[in-house]
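Each of the next two complexes has chain A plus one more chain, namely chain B in the first and chain C in the second.
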Partner chain A sequence: MSSTLHSFEQAATRAAHDRPQQETVRTSLGTYNRALNAGRERFASWSEARHRARAVKADAVAHLGEYLEQFEAGITSRGGHVFWAETAADARDYILDLARRRGVRSVIKSKSMVSEEVHLGAALEGAGLEAVESDLGEFIVQLRNEPPYHIVTPAMHLRRAQIAALFQQKLGTPAGADSAEDLTMAARHYMRARFASAGMGITGANFLIADAGMVAITENEGNARLTASLPRVHVVLTGIEKILPRLTDLALFWPLLSTAGTGQAITCYSSLIGGPRQPGEADGPEEFHVVLLDNGRTRVLADQERRDTLQCIRCGACLNVCPVFHTIGGHAYGTTYSGPIGAVLTPLLRGEKEFGHLSFASSLCGACTEICPVEIDLHHHLIENRRDSALQHVRPLPERIGMRAFRWLMSDAARYARLAQLARHLLRFKNAWVPEGSPLDLLRPWTASRDLPEPPRESFREWWQRTRQERGGHA
Partner chain B sequence: MVTRPRIALFIPCFVDQLLPQVAQAMVRVLERVGCQVEFPAAQTCCGQPAFSTGHWAEARPLALRFAEIFAGPEARQSYDAVVCPSGSCTTMVRNFFPALAHGDAALAQAIAPLHGRVFEFSEYLVRQLNVRDVGASFPYRVTFHDGCHALRELGLYDEPRELLRAVRGLELVEMEETTECCGFGGAFSMQMSDISAALGQRKAANVERAGVDFVTSCDPSCLMQIGGTLARQPGRVRAIHLAEILAAGLDAGLDAGPQDSGAERSAQPSARTTGDAGGARAGLRGPRDAPPAKRAAKPGARAEKRP
Partner chain C sequence: MPKGRDHILGRIRAALADRPPGGLPEDVAGAAVFAPVADPLARFQAECQANRTELHLVTAANEADCLTAVLAREKEGGDGTIYVQDAPALRALAARLPAATQTNLQFAPAQPAGIASLTLCEALVARTGSVLVSSRCGGRAATILPPTHIVYAHASQLHAEIDAALLAARSQSPTASLYSLITGPSRTSDIEKMLVLGAHGPKRLTVLLRTD
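For the complex of A and B:
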């Protein structure tokens, strides 16, 4: 058993029994659901918006190279730099090297899942740089020394009281200062000093606009635009799949992303950034770098079946509607991207052997596919991932043998009928002699929490056979 | 004279072996609305357990087998439609067989004639026969659970509800989160049993809160999960398949028969043919402390005597 599987099973089991945690998440998602439903109503046709968004992103992904080069040309024409990072290490090294060359001692960050993906925070710290998250949720989980719980709302698993206690301990806020406003002001006070002293600002990107050669950033706190404009050096760290062909596509994608992500019509701040400060401009960084990360994405691009996963705009809607995510939460996955998109994408990016089990942690209910604003066929991709796991023989031996036996059993009706009848007898025997859910019970994974139907003495086919003659008289 | 639709029964293996009363009830209802039913005895399983766990090489021969039994040249002459009391198994045949057949020309050719011939039970009644009132009577409060495959893969939402609303005495109560998964998920229920059980408990709590006597569904697998979970709880709600509700009270209801059946019903089915399979006393499994009046009859105790 791989260590990732083992730790997933442990964490998922623990979380599945953690009702208070589930309630916190559910409460937060209850608010989201109401906003989402109202948000979808604002569209003349939500389903048409999804169709069009998918078509735009499918085109963007199909011509990824051309659009990225177009984007790059726009950035470089304004004096910005574009670095193509093939691996996570390439991205980290580029940023660390840049920081060294510019004599940067402290870095301010705004929200970027790609920075989580490449473990940038640890790399900066390792290089002796102070790096502070400026997104409030990210800041909170950074203080707790844990990864984001959710790709959009990193601290959704925490109650206000927990955050108040954390701030009291780490920031020295006075006891009793526990209103949302108190806490926000405490974080802002702490961050403002870091903004002023930071030599480098690192942001993510929500979209890369090919025709305009610009980076589009969506946020609610204003910290991202401060990160992008105050420090002398601004680095955008993002995945290559964030490309959109045209500036006008934002007319659809900005409201689509904010509706799917938080239920908002549009987020509070929507920024477009095209390069370093230009002559005559009042603000902006002296230097501007975009790090475009591949890290396995081009492998997914080559996969005709599942390349639509590169259409993902990281709205988090699939997590929000996922009953498994509701139950085990974001940390149990042990990956940067959790929930359905994480369960589909992680095995593709990082291998079936280590992460294939995530595709099995689903009841395949399809709520994710139903909500996805760019129509990624998520739950069917989970089955395709499972197929690949089976083909690569990374599934447990009992399952592989069991499925061979299943095929053998079901390939002959008489064989099936005989053995199933025997199994019913055995099951009745077990029910009579082995207490349900006891350690001797082979069906314990089911019976530990659920009853099984009492096996009948007569199967349907036996009943049909017995009464057939009589039935024939009526037909 | 209108010809009676000739139906091939597609009975999921676990229904065959564990829940025969569900299939018996479906037979009863289909006959009641004028169908002629046949059970192709060579059928076993559609292969979904292998397909959804990724073992497609094991699933393909079973899909091929299924196609030969239900849509081979002989079957095409003998049956007008294939009807199944499970949205999930219907989904396997309709939506997942094509995925299995991708790149397998022989299988693709074999499954092609299945197209447009395989239906989930409520779907067949409402969309194909245009039947809503089958003449059933079931004086209880009932909530409907949307199985994920029936809802999201087959697009069935109104069909079972229309059938339930036409049942005499039945009060349909919508629970909260009715479209949220019950957590069964096939092998998932065993392999990730803690997660599955937690989802089942949430679903069961929603059922309990609805203040109903029964929870029903088009999917017997969901009902095993929900009913099995409810059975461990102090409440008295029981799980029962839609077909069992629609078969309830048909004996007494001969005079107040179906009103809008699109199928020809010249031959009234005999009550004897299906025994008491579909009555209100059926059910997937009741809680251990249910009152006698609502107690689920042990399926084993219900086997009819030979005539």
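For the complex of A and C:
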């Protein structure tokens, strides 16, 4: 058993029994669901919006090279720099080297999952730089020294009282200041000084607009705007797949992303940044750098079957509707991207060997595919990942025996009918005579955490046979 | 390091060797996603109310009085200055304010560290009740740093849709390094999904919209 699988099983089991945290997460997701349903009503046709968004992103992915070159030309025309990072280490080294050359001592960051992917925070601290997360949720998990719980709402697993205690301990906020408003204002106050002193601001990107040559950043708090305004160097760290062909595509993608992400009609600040301060502008950074990260994405691009996962706009909707995410939460995955998209993408980006098990941690209910605003066929990709895994590895003996027995059972209709009848009788007998949980209860390992419904007295086949004559009489 | 660029673009080309010809299918590009906005001004008003933007419809006759009242409320918190984008329209408007108010105004390029900023915008969007600004509207910090952001706009700047507003901004200010579509005051729901206004940006967004 690989160590990642082992720690996944342990963490998932622990999280599945953490009722208070599940309660917090479910309350939050309940609020999300109501907002999402209202949000979808604002579209004349939500399904048409998804359909069109898929077509636009599929086109963007199918012509990725051309669009990236177009984007790069726009950035460089305004005096910005574009760096193509093949690996996480390339991206980290470029940013650290830039910070060193510019004499940067402190860095302000705004939310970026790619910076989590390349472990930039640890690298900055390792180089002796102070790096502060400015998004409130990210700041909270940074103070707790843990990764984001969710790609859109990083601190959704925490209760207000926990955050109040954390702020008291780390920021010295007064004991009574524990309302959401008090805590937000404490973070605002703390962050203002950091914005003013930071030599470098690092943001992510939601979209890279090819025809405009600009980076689109979506946020509610204004921290990304400040990160891109006050420090003298602004670095955007993002993945190559974030391309959108046209500026006008944002008329669909901004509302689509915010609806799927939080249920909002549009996020508070939807910004486009194309370079450093231009001649005649009052302020803005002296330098502007865009780091485009591959880190396995071109490998996914070469996979025709699962290429559409590069359409992902990181809205987090598939996490929000996933029964597995509801139960085990965001940390158990042990990956930057969790939930269904993480379970599909992580084995492709980081290897089936270490992360293949994530594709098996799913009920394949398809809720993720149904909600995805760019129509990524998530649950079928989970099955494809499982197929690849089965082809590459010998499955455990009980599973192999089980699957063989299943094939034998299902390959003969009469055999299936006889054995299903027998199983039903045995189960009814067991339920009637064997006390639940006793040593004779052989199904206990399965039923300990699951409900098994009482089998009916009569199967559908039997009912069909019995009532056939009757129906024939009526005909 | 052009090596990384060549490698990545090379891998992209190799990966997409099988891609089908052509771009976006036309029927998809033309499909209706939103119902059209029937009355842009009415929609803008309704959306502003929903997203907590304070909207004042003004005319040449009452705009100075309206702005005076808005600025007087901002000054209640202390004797702070108000940062004003240095534009002819705002110079003219400021000249019509009471003398006491005028002394608190600081025109660009001073740093927008005061209690409020007053700027123009590139366009307004009816569908979402948004204000589109650029780095040419007094700079980047002017529209994000002060606790209150006041926007002076004209009804002729109102567009029904986001794409029309973006294209208008691009043609008015083609060299701007930043555009930002602002929808209401800064906010967060990161703590137990409870809405708090004024996370890192302005706590209040006020729009004075000239309708004549």
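As a convention for this text, the second predicted complex is superposed on the first by the 398 of 475 C-alpha atoms of A that agree within 3 Å, B and C clash if a C-alpha of one lies under 4 Å from a C-alpha of the other, contacts with A are read in each partner's own complex, and residues count from 1 in each chain.
One rule holds for everything that comes next: a residue touches a chain if its C-beta (ideal position, glycine included) is under 8 Å from a C-beta of that chain, and two chains touch if they have at least 3 such contacts.
Remember, predicted model here, so these are calculated numbers, not experimental data.
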Partner chain(s) touched by A:160 [first = chain B, second = chain C, both, neither]: second
Partner chain in contact with A:113 - chain B first, chain C second, else both or neither: neither
Superposed model, chain A: greater residue contact from chain B or chain C: C
Residues of chain C touching chain A in the complex: 1, 4-5, 7-9, 11-16, 18-20, 23-25, 28-29, 31-35, 47, 50-51, 108-109, 111, 128, 130, 135-136, 138-145, 161-163, 166-167, 170, 175-194, 196, 198-202
Sites on chain A touched by chain C in the complex: 24, 27-28, 31-32, 42-45, 48-49, 51-52, 55-56, 59, 62-65, 68-69, 78, 83-86, 90, 134-137, 140, 153-156, 158-160, 163, 180-181, 183-185, 187-188, 191, 212, 214, 220-223, 225-226, 228-230, 240, 245, 247-248, 250-252, 254-255, 262, 265-284, 288, 292, 294, 298-299, 301-302, 304
List of chain B residues in touch with chain A within their complex: 11, 13, 15-21, 23-24, 31, 36-39, 41-45, 47, 49-59, 61-62, 65, 96, 99, 148-149, 152-153, 179-181, 183-202, 224-225, 227-229, 231-232, 267, 269-270, 272-273, 284-285, 298-300, 302-304, 306-307
Interface residues, chain A side, partner chain B - complex: 12-13, 16-17, 22, 323-324, 327-328, 360-367, 369-370, 380, 383, 385-391, 395, 399-400, 403-404, 406-407, 409-413, 416, 420, 423-424, 428, 445-446, 448-461, 463-467, 470-471, 474-475
